[in-house]
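Starting off with a structure, shown below.
When the chains are written out, they are named A, B, C, D, E and F in that same order, and each has its own residue count from 1.
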Amino acid sequence: MKLVMAIIKPFKLDEVREALTPLGIQGLTVSEVKGFGRQKGQTEIYRGAEYMVNFLPKVKIEVAVNDDIVDRVIEAIQASANTGKIGDGKIFVLDLVSAVRIRTGEKDTDAL
Amino acid sequence: MKMNLSHRLGGLAAAVPALLASGWAHAQEAAPAAAEAVEAVAEAAAPTLDRGDTAWLLVATLLVLMMTLPGLALFYGGMVRKKNVLSILMQCFAIVSVLSVIWMVAGYSLAFSEGSPFVGGLSKMFLAGVNLDSLTGTIPESLFVMFQLTFAVITPALIVGGFADRMKFSSMLVFMSFWLLLVYAPICHWVWGGGFLMTEGVLDFAGGTVVHINAGVAGLVSAIVLGRRSGTGSENMAPHNLVLTMIGASLLWVGWFGFNAGSALAANGNAAMAMLTTHSATAMAAMTWMLVEWAMRGKPSLLGILSGAVAGLVAITPACGFVDLKGALIIGAVSGLACYWGVSGLKRMFGYDDALDCFGVHGVGGIVGAILTGVFAVEAIGGKTGLIEGNAAQVGLQALGVGVTMVYTAIVSYILLKIIDVAIGLRVSPEVEVEGLDYALHGETVH
Amino acid sequence: MKMNLSHRLGGLAAAVPALLASGWAHAQEAAPAAAEAVEAVAEAAAPTLDRGDTAWLLVATLLVLMMTLPGLALFYGGMVRKKNVLSILMQCFAIVSVLSVIWMVAGYSLAFSEGSPFVGGLSKMFLAGVNLDSLTGTIPESLFVMFQLTFAVITPALIVGGFADRMKFSSMLVFMSFWLLLVYAPICHWVWGGGFLMTEGVLDFAGGTVVHINAGVAGLVSAIVLGRRSGTGSENMAPHNLVLTMIGASLLWVGWFGFNAGSALAANGNAAMAMLTTHSATAMAAMTWMLVEWAMRGKPSLLGILSGAVAGLVAITPACGFVDLKGALIIGAVSGLACYWGVSGLKRMFGYDDALDCFGVHGVGGIVGAILTGVFAVEAIGGKTGLIEGNAAQVGLQALGVGVTMVYTAIVSYILLKIIDVAIGLRVSPEVEVEGLDYALHGETVH
Amino acid sequence: MKMNLSHRLGGLAAAVPALLASGWAHAQEAAPAAAEAVEAVAEAAAPTLDRGDTAWLLVATLLVLMMTLPGLALFYGGMVRKKNVLSILMQCFAIVSVLSVIWMVAGYSLAFSEGSPFVGGLSKMFLAGVNLDSLTGTIPESLFVMFQLTFAVITPALIVGGFADRMKFSSMLVFMSFWLLLVYAPICHWVWGGGFLMTEGVLDFAGGTVVHINAGVAGLVSAIVLGRRSGTGSENMAPHNLVLTMIGASLLWVGWFGFNAGSALAANGNAAMAMLTTHSATAMAAMTWMLVEWAMRGKPSLLGILSGAVAGLVAITPACGFVDLKGALIIGAVSGLACYWGVSGLKRMFGYDDALDCFGVHGVGGIVGAILTGVFAVEAIGGKTGLIEGNAAQVGLQALGVGVTMVYTAIVSYILLKIIDVAIGLRVSPEVEVEGLDYALHGETVH
Amino acid sequence: MKLVMAIIKPFKLDEVREALTPLGIQGLTVSEVKGFGRQKGQTEIYRGAEYMVNFLPKVKIEVAVNDDIVDRVIEAIQASANTGKIGDGKIFVLDLVSAVRIRTGEKDTDAL
Amino acid sequence: MKLVMAIIKPFKLDEVREALTPLGIQGLTVSEVKGFGRQKGQTEIYRGAEYMVNFLPKVKIEVAVNDDIVDRVIEAIQASANTGKIGDGKIFVLDLVSAVRIRTGEKDTDAL
C-alpha cells in the first residue's frame, strides 16, 4: 500500500476528487496548508502599499491506496489538478506499512 | 461647540513653557478675559432646558461613545495581525474606563471650570456644583459633562493606532492618564473652555484640532519614540480581518453624526446642516480614495475606501458647521487625496512605523480640514466668511491654530513618553511581540 | 412619508413609455396638479421647526444609514462564501459613497423638486435653495434631504443580493449610478415627490414599493441576466459566517424603526404606533418562519429566523402607519410564510439564482405587505380604511401600485444591464469567480 | 420608572403562595390601594404629549432592543465554544421574537393593566384600549408598551447564560414563554404596574430587581437543575472569540443608557444625571475588575474588563436616578469586586456550572446595586435619602425587595423547569453536546 | 520507529489522548482535516433548502513511536476512537527513518 | 528522496525558511497544527479562573529533499528552530518513494 500525498491549488479539489472516484477510491483526507515555492510575487494591497505574500493557500490531499492502482491515481491527480501555470503543486508517494479501519478493525487492503 | 472666545494670541509664546513649568498653576490674573467670556457665554445661553435639544444630545453622547466602543476598537482591531487583535480591543476599553473616571474626578474641571487662559481650575473636581438643575445652554450640564467626556476618551484611543502591536499595556495606561490631564484638558480648555487659543477668528466646529490633529501628532510621536514593529518589511503585516475594520468604519461614520451634528448642542438647522456636510464630505472622500487607489494600484480595496471615509470624517469635523455642500464635497475630495498620500508617500518618505496610520489619517486629515475651513466657510451657513468670500486672513488664523496645537502636543507627548520609558519601559520584549500581545499580556487568544 | 397626492391615475398607461422615450423631459405642462399638490403640502406644513421632531429625525436618519453600513452589508456578507465576504462589504460601502454624492448633486432634485408627474426637475441640483432655514414640515429641509438619501442608498444596496459573487465591481458601480437616476429617483418622485403614481388612494407608509419591491425586482432581473453562480449545485455554498448575518439582521431590525417610525417625520403617536406595529409584525414573521422550517425540515435554523424577521420588516413597511396590532401580527405571519416559500418553492420552480434571496424576501415580502395594507388599514390608526373595514377597492389600488412599479423597474433595469454588458461586460471571469472576488478584485482576504 | 406605590408590605407573606395557588386569580378586592395608586399616577401625569420626551423614548426603546439583539447575544456568543455560538444567537433571537408576541397578546396586560396587587388583569390583552392618543405620562402609551417590551425580552435572554451549551431549544422556548407570564409579568406588576411589592420606600430606578436579580436567580436555578456541561474541568471551555464578546459588551454599555436614562421617561435633567451616574459606575467597575485580576492573576484580561463593565452597569441600574457621582463611583468599585468574587470564589465554592456567569454578574451585581441604592441615595438627585443621609431604614427595605424577588423567582423557575423536564426533557443528549448545538439542533456551523 | 497517523472523529480526541498516556506516549501532534469517505449525506439547512456536505470535519493525530509499542498504540487508538458508526476513521502506519528533538539534538528513540 | 517533517514553534517559521534557502530548497509546505508534549502548564485566563491549555499551537513543515542533503536540512532546521526551551519540537524523516510536479509531470529529483 502507498500513501499518496498531493499538494494542489484549492479550487482544483472538487475536480481531483471526481477524477479519483472512477478508480474506486472511496475515501480521502484533506487539509488546508500553505505553500512556499517557485510561484511568487502575489501581493495584497494595504492602504496604498503592497504586500508580498510568501505563503500561498494550497490544499493537501492524503489518500491511502493499494499498490496496483498507485500509478493510475498519480496520473488522475496530475491530469485533474493541472492548470499548466506555476504553482500547480506536487504529488509525493510514501510507503504504507499498514492500515486499520477504526470502526471494524479491518486491516490493510480491507481498511481502505 | 462654537465657543470662540476673544483673547489675545499674543500670550501664546510665553504660554507653553509657562504651563509646563508651573504645572497646574492657575495663572488666573493673567487672563481675566477668558473668565469673563465664559460668563458671557453662560449668560447668553437660554436659561431653560429644551427637551428636544436634550433628547438629541443624550443620543449624540452615546453615539460618540459608540464610536470608540466598539467602533474605533474594531476599526483598529481588524487591521492588526490575529495575535494582537484582543490587545487593541483591551487598550480601547481600558482607556475608556480609566479615563472616564479621571475625567469625572479632574479632567472636566481642568477643561471647563474657570481658570487661567491656559488651563481650567480645580473648582469642579468631582463635578462639584454640577447638580440636577445646572444647565449648559439648553441642556443639563451633566449631559454636557458626558458629551465632552466622550470626546476626551476617543482622542487618546485614536493614539493607539500609532504604537499598536508593541507597547506595554501598563505603560500605555500611565501615558494616557497623564496625557489626558497634561495635553487634552488644556487644549480643550484653550479651544472650548474659555482658554486663550481660539480667538473669535479661529474656527473649529467639532474638534478637528482638539481631537484629530492632537491625536494624530501624539500617535506619530509615539510611533517614532517606540520604533518600528519587529518584522516590518519581512513579515506579512496585512490586516487579519477587514470585516471588523468595516464594522468599525461604519460605526464611526454613523456615530460621527453625534460628534459633528451633536456639536451644535441643539436639534436645529445647524445640526441638520452639519449632518449633511459631514455625510457629503465623507462619501466624497471615500469615493476619491477608491478611485485614486484604483488608478495607482489597479484594484480598489476595501481598506482603501474605509480609510477614505474616515479621512473625510476627520477633515470635515472642524468645517461641518461653516461650509455648504460644495465646500464639503471639495474638502472631502482633497482629504481623500491628502490622506492617501499620508499613509503611502509621506510615511514611506520618513520611514516611521505609524502602525495603523494615526497620523496619516487623523493628523493629515485634521490639518487639511482645519485649513480648508478657512477657505470654504460661508456666511450663510455658519455666520463666518472664508477665503472664497474674500476673507483671506482666515486661512492664516487656521494655520496658526494648527501650528500651536501640533507644537504643544508633540513636545509634551514626547517628554511624557521619555519619562515613562526611563521609569518603567515603553516597549514589550521581542519574544512578547513575536508571540502576540493577546496571549502574552492578557492570557487570551481568538480561537 | 404619507404624502399621498391627488392625481389622475389615468395618465399612467401613457406615462411609462413616455418617460422612457423622453428621457429626462420634464413634461411639466402635462401635470400641473402634481406641482400644486407639492405646494399644498408645503403650505399645510407648520412653518416652524420642532426640536423634538428634529431630534427624532436626526436619529432616524443615522439609523437608516446604519441599516446599510454595517447592517445590510453584514447580513449579506455572512451568507456568502469566505472568499467573497469582503467584496460584499466593498460593494455596499461603495454604493453608499458614490450614490450619496450623486443624490446630493442630482438625485434629490429629480425626486423632490418640482417637475412633471413622472420625474422632478433640475432646479435643486447641488441642493440649490436648501439653506439653513428651509423646512420640510417641522424639520429642516437639509435633514429631509439626508433622511431621503438614506433610503436612496439602501435600495440599490439591497439589489446586491441578487447578483452577489459574480458581478464585476466596475460594472456594478456604473449600473447603480444610472439605476439611481433612471429608476429610483423617478419612482420616488411618483410616490413621495408629487408624482403621478400615488393618488390619495394608494397607501405606502415607509416605502414598501419604492424601496423593497423596486429592489427585489431589480435584484431578480440582475440574477437572471447574469446567470447562475458557477458551482451552484455542486459546491458547498452554505453561508460562511452566520454570526455576521445575525449582527446584520439585528441592526436591520433596530435600524428599521428609523425607517418606519421615522417616516412619520415627527416624534408623536404615529411614530410610536408605527414602531409598535413594525416590531410586532417582525417578531411574528420570525416566529412563523422558524415554526414552518422546524415542521418542514426538522430543525429551526438561525438563518431561517433571521430571514423571517427581515421578511416581516419588509412586509410591514408600507402598512406600519395604517394598521393596528392585529393587522400587524397577521401581516407578519403571512409574510413569514410567503417569503419562506419565496426562497424555497418559488426559486426552485423557476431555477434562477437569486444568490441571497433579494427577490424572495424583499420582492415577495414587499408585494405581500403592499396588498395586505389594503386589507388591514383601519381608520383609527392611519385615517384610511381597508378591506376589513369594508373598503374592498383599496386592495385593487394597492395591486395597481405594485404592478406599475414592478413593470417599470424590470424594464429599465433589464435595458441598463444589457447595455452595460455590451459596453464593458457584467460578469467576472470563471477564474476570478473560483479564486474569490475578495482577492481577485480587491487584493484582500480575510486571514 | 419611579412608580413607587404605597402599599402594605404586610400582605407579602401570604402573597407568594396565594399567587401560586390561585394562578391568575385577580385578588382585586385585596388591594384597592394599588389600583388607586395607578390612577393617581395617571392623573398626575401631564395630559399632553411632549415631542422631546417622545423622541428620546423612541430612541431609548430601540437601544434596549439593541442590547439584546445583537448586544447580549454577541456578549454570550463569544464566550462559548465555536460549536455552540450559533445556538446562543438563535436562542436570543427566538426569545425576542416569541416573547414579543406573547408580551403584546397578554404580557403587557398582566403587568400593567389594573388587577390585583399581585398581578395585572386581562383587560389590555391584545393591547385593547391602546390607541393613537393614549398617553403614559408625556409619551404615547404605545411607546410605553414597546419600551417595557424591550425589558421583558432582555430579562429572559439573560437567563441563557446559566444553561448555555446544554439545553434543548424546544424546552428553552417553552420555559421562557411560561416564565414571562408566571414570573416576569407579576414581578414587573409588583414593582412598576401598581402591585404590592414596592411601597414608597423601596427604590429601583431602572430594574435592578425586576430584570437583573430576577434573571440572575433564574439562571442559577436552571444551571443547577440542568447540571454541569459535559467536559467541564477536562475540556478547554475558553471563550472562542472575545471579539464578539467585546462588541456585545460595548453595545450593552451604549444601549444601557436607553435602559437607565430612558427609565426617566423624559429627556430632562433626571435622564442626563442617570446617564452620568451609569457611565461613571460602569467605568469604575471595569477598572476595578481589571486591577483586581491583574493583582490576583498577573494579567489583566479583556474578558475581565468586559465583565467588570457589565457588573457596573447591573449594579447602577436600580441606583442611577438616586445617587450622585461619588455614590456611583463607589457602587462601581464595589460591584467590580463583588462580581469578580461571584464568578470565581462563589462559583467554585458551590460548584454549580453557571456557564456564562448569569448569577455571578447579574445576580450578585443586582443584589449589590439594590442594597447600595439604600446606602447612597441622596435627596438632591432623586428626592430620596439613604443611609449616608441618615435614613438607615432604607437599607432594610432594599434587602426586603431583594429577598422577595429571589424567593419567588427561584421557586417558580424551579417548578417550571421540573415540569418541563418530566414532560419533554430539558437537556440535549451527550452526543449532541459533544457535536455542538449549532449543527445538531440547527443544522448550521460557522465555517 | 513508526509514524502512526490516525484520522478520527473530532470529539474523540481527548479519549484517544488519554488512552495513549498509559503506553508512555509523551507527545503527539494534531491537525484539523476534512474527510471524504463512506459516511455521507449530512446536510446543512440553508433557507429552507438543504445542503449536502461532502467533507466532514475530522482530526488527524500523528504520533511517532518505537517499533515495540506500535501494535499496542494501534489497539489503543482503535479502542478509544471507536463508536461503531460509519465515519470512525482510519489508522495508517508509516516507517520512520529518523527523529530529532530540536531542543537538544537528541536522535531517534531518545527524541520521542 | 526523503520527506522531512518538522514540528516547530510558530514564530520560528520565517527563520527556518531562510535557513533552508542556502541549501537550494525551493519549496516547502506548511500547516498549522496543535502539539501535545512535555511543554505544559500554559493557561488562559477566564473570568478570574485559569484554564489549562493542553494543546499548543505549532507549525508543521513538510519538505521533500534529495538524499544527499537530508543531513544538512536536518541540521539547518535544528539550528534555526532552536530556542533551547522546552517545546521546540521534533524533526521526523520519512522515505519518499516518488515525487511528481503536477504542472510538468516531471518525476522525482526533477520534481523537487
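Following the convention adopted for this analysis, contacts are C-beta pairs under 8 Å (C-beta built on N, C-alpha and C of every residue); 3 or more make two chains touch, one makes a residue touch a chain.
Quick caveat: nothing in here was measured; it's all calculated off a predicted structure.
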| said: Using the contact definition given at the top, which chains are in touch with both chain B and chain E? | reply: A, C, D, F
| remark: Contact steps required, at the very least, to link chain B with chain F come to 1
| query | Distance-wise, how many Å sit between the C-alpha centres of chain A and chain E, to the nearest whole number? | reply | 18
| message | Averaging over Cα atoms per chain, report the distance between chain B and chain D in Å. | response | 36
| message | Give me the residue numbers in chain A that touch at least two other chains, ranges are fine. | response | 31, 44-46, 54-55, 94-95
| message | Two or more other chains touching the same residue: where does that happen in chain D? | response | 50-53, 55-56, 59, 238-239, 247, 297, 299, 301, 303, 442-444
| note | Pairwise, the chains that touch are A-B, A-C, A-E, A-F, B-C, B-D, B-F, C-D, C-E, D-E, D-F, E-F
| remark: Interface with chain C, chain A side, in the complex: residues 11, 14, 43-46
| remark: Listed in rising order, the residues of chain C that touch chain A in the complex are 234-235, 434-435, 439, 442-445
| chain A-touching residues of chain E, taken from the complex the two chains share | 2, 6-8, 31-38, 54-55, 58, 60, 74, 77-78, 81-95
| Given the complex with chain F, which residues does chain D contribute to the contact? | 236-239, 293, 296-297, 299, 301, 303-304, 307, 340, 343-344, 348, 357, 360
| note | chain C contacts chain B in the complex at 49-56, 58-59, 61-62, 65-66, 69-70, 73-74, 77, 85-86, 89-90, 93-94, 96-98, 100-101, 104, 126-127, 130-133, 139-140, 142-143, 145-146, 149, 169, 244, 247, 267, 441-444, 446-447
